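Notes follow the structure.
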């Protein structure tokens, strides 16, 4: 073949198969989303349209890849859990990472107009991604617990912070200073006493993030075992 | 901190820094583009709108990441070359792979309407990607030569194939059978004698692919050395 | 420092930490041991001195590295199991692989004279090694089951083979031909009927390999949990 | 086969081929050699017998593996350079690392009695090893320059240190304190003025380390290109 003298360059493509028998978590994060939120006037502390768009992008990924059993999203990040026995693309890291990330990104832009009907997308946003392997289900549970605790901590802080800025007229610098070192209970109290906000009544989506779970139906053939 | 009992799960994120002093090639490929082309009625054998859209997406990537010096595209694939001394994200594989891929994907959807003004995007397309390391400039040259030879071989075949199908009314099966085992010269001859096509007069974009090169300007400070 | 202009070369030493929470198996294999056995006139099909020397080398490794809980040896190979929570050398692959292998090799040569008192070592033997990660205890059990089944299959074959050669005067080619395709029961029968050998009475070390287990003592401080 | 239900465990052995077209340096280091030197009464600051034994072990490795072109040794470390186009064991990291390390270790113990005729080996010493890849010959040169500069710095310090201890009767603590922060020229001067030692006249093996080079002979068939 005419090109055969060049094909030796293919030998530099090394295998990157991930360890069998381990759970894969693919975590996708917004890249430069502070600026992206500013430029597109996202509502603070939470923009419901933006969160639902993230959920929609995650839904596309779950519909396409059957070995994803669970996904968790908050803010500009989403984590996908793949079955520990997945044979998807022979467990090749670059392949799995890139396919999930690319479809997530693509779906985010594709569905933008339905979620932000009156906001034109000014430039293409992007995300980064990584794969983390977990040997046991305990570690998987703790991973998702970690992300959910993080959601709670960030959202409580942000809710108090933006109340101080938007309703009490504090500068962002002052708001940070006021919250510095406060405990969770103090932020709850601040929200209630100064702004009449019962934090526990805030939309659960904001406080707890989004969870997508694949339902398995009972059939006569063996169903997949639970996580 | 409330979540500290879970943070041990971060230890499962292993470093993935790539070998210093090597050229990185990031190759992005359309995933399931046979169907995507069909569903969006791409012109055969080449759709100029689609190729220009690929170029536009690649341009976004080059504009964002200054350490990309060269890019080559054909069909539904694009290859980006990063400087061998790039320090981008400390040469972390997942970070570099995912940022380039995500922005490429995002820009492709973002710019779709300008390139396919009368074709609505039916679903979000996706791409996969990989990083290949090359230790020397000779291997880099041969990599791009390999992709360009591939462009030539594929395009000559496809040009002959679709002439047989679209102009001579052959079935796709017959067209494949007629071309099987033919040499390059025979395909040139077939195009010229049966269809009056001088293959060398076909748009260079179709025959040779697209090349994007970063220009460096003479300044008083030292410019980056050439590849 | 005088040498500082060269120290950039240290940056090419990339991290190679192994996934936390997984069992490590380090398997060491004799390199070129067919020739080594010949040159040192090892008894066929099993040389008890050689097997005990392997056990002695493995014992040195277990004495030195407390996170090894189990070892299994047969013929010229030995497998070591490390605790899944081992922090040894921060789980760096090259470090763990090389330390165990080097001490095994060293101890093998060091103890040779005690086991082969009348056989001079003609040249230094060597071994290779690899690390395999297993996420769950089931896979670890199956790994050791696999090695023990392999021991049984090989030893039954070799016992029959060498009986045919040494006692029945068959050539090695004839012996292989006679055994080709035979089932386990047929080899038992052959040994019993032609050579009066009850295979199940053969030394268990030959039939089943060697197992080294670390004993843990009850103490007032918490002991390590069992595998 | 009887054991086939267990053979799935082989799938956990992942490929570990190293990038083609790169130089490999395998560096072997003594493990716990401070104690080993003490226990075997090595001469300070340099023990010629020990250094020659290291050279002998390295020679065994070079004789066995033809793709090693160069080796450099000092103190209890040795570095081996493999040709960048080596195909040895398909460039599998564990295989190459373990074979060189194991033979080096083995040869060290095997040849001990010839170099330390009156010193009995009290226990088996061990070494660790790593592989470092270098894309270009400049980095390889700088690697060996780095090791040789290190040899010089360490040896000059150790020579002055042990002169203070052995000849001037200083404690090791005092000797360290006296040398702290001194420049190279000051150590030369100290050795000359207090101990009458012209450092440049000291055995080159001590000052510069050992280099082993593979000679290639002119033949009618093409010889391997130089590094």
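Order as written gives the chain letters A, B, C and D; numbering starts at 1 within each chain.
Going forward, a contact is a pair of C-beta atoms (placed from the backbone, for glycine too) under 8 Å apart; a residue touches a chain by one contact, two chains touch by 3 or more.
All figures in this text were calculated on a predicted structure; none of them were measured in a lab.
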item: Where chain C and chain D overlap in contact partners, by chain label; value: A, B
item: Same or different residue numbers at the chain A/chain D copy interface, by half rule; value: same
item: Centre-to-centre distance between chain C and chain A (centres being mean Cα positions), rounded to whole Å; value: 46
item: Per-residue multi-chain contacts in chain B, two or more chains; value: 12, 19, 21, 133-134, 139
item: Complex interface listing, chain D residues touching chain B; value: 19, 21-22, 84, 133-136, 139
item: Contact set on chain A toward chain B in their complex; value: 1-3, 5-10, 12-13, 31, 60, 94-95, 97-99, 101-103, 105-111, 121, 123-134, 139, 142-143, 145-146, 149-150, 152-153, 184
item: Chain C contact footprint on chain B (complex, rising order); value: 11-12, 14-15, 17, 19-21
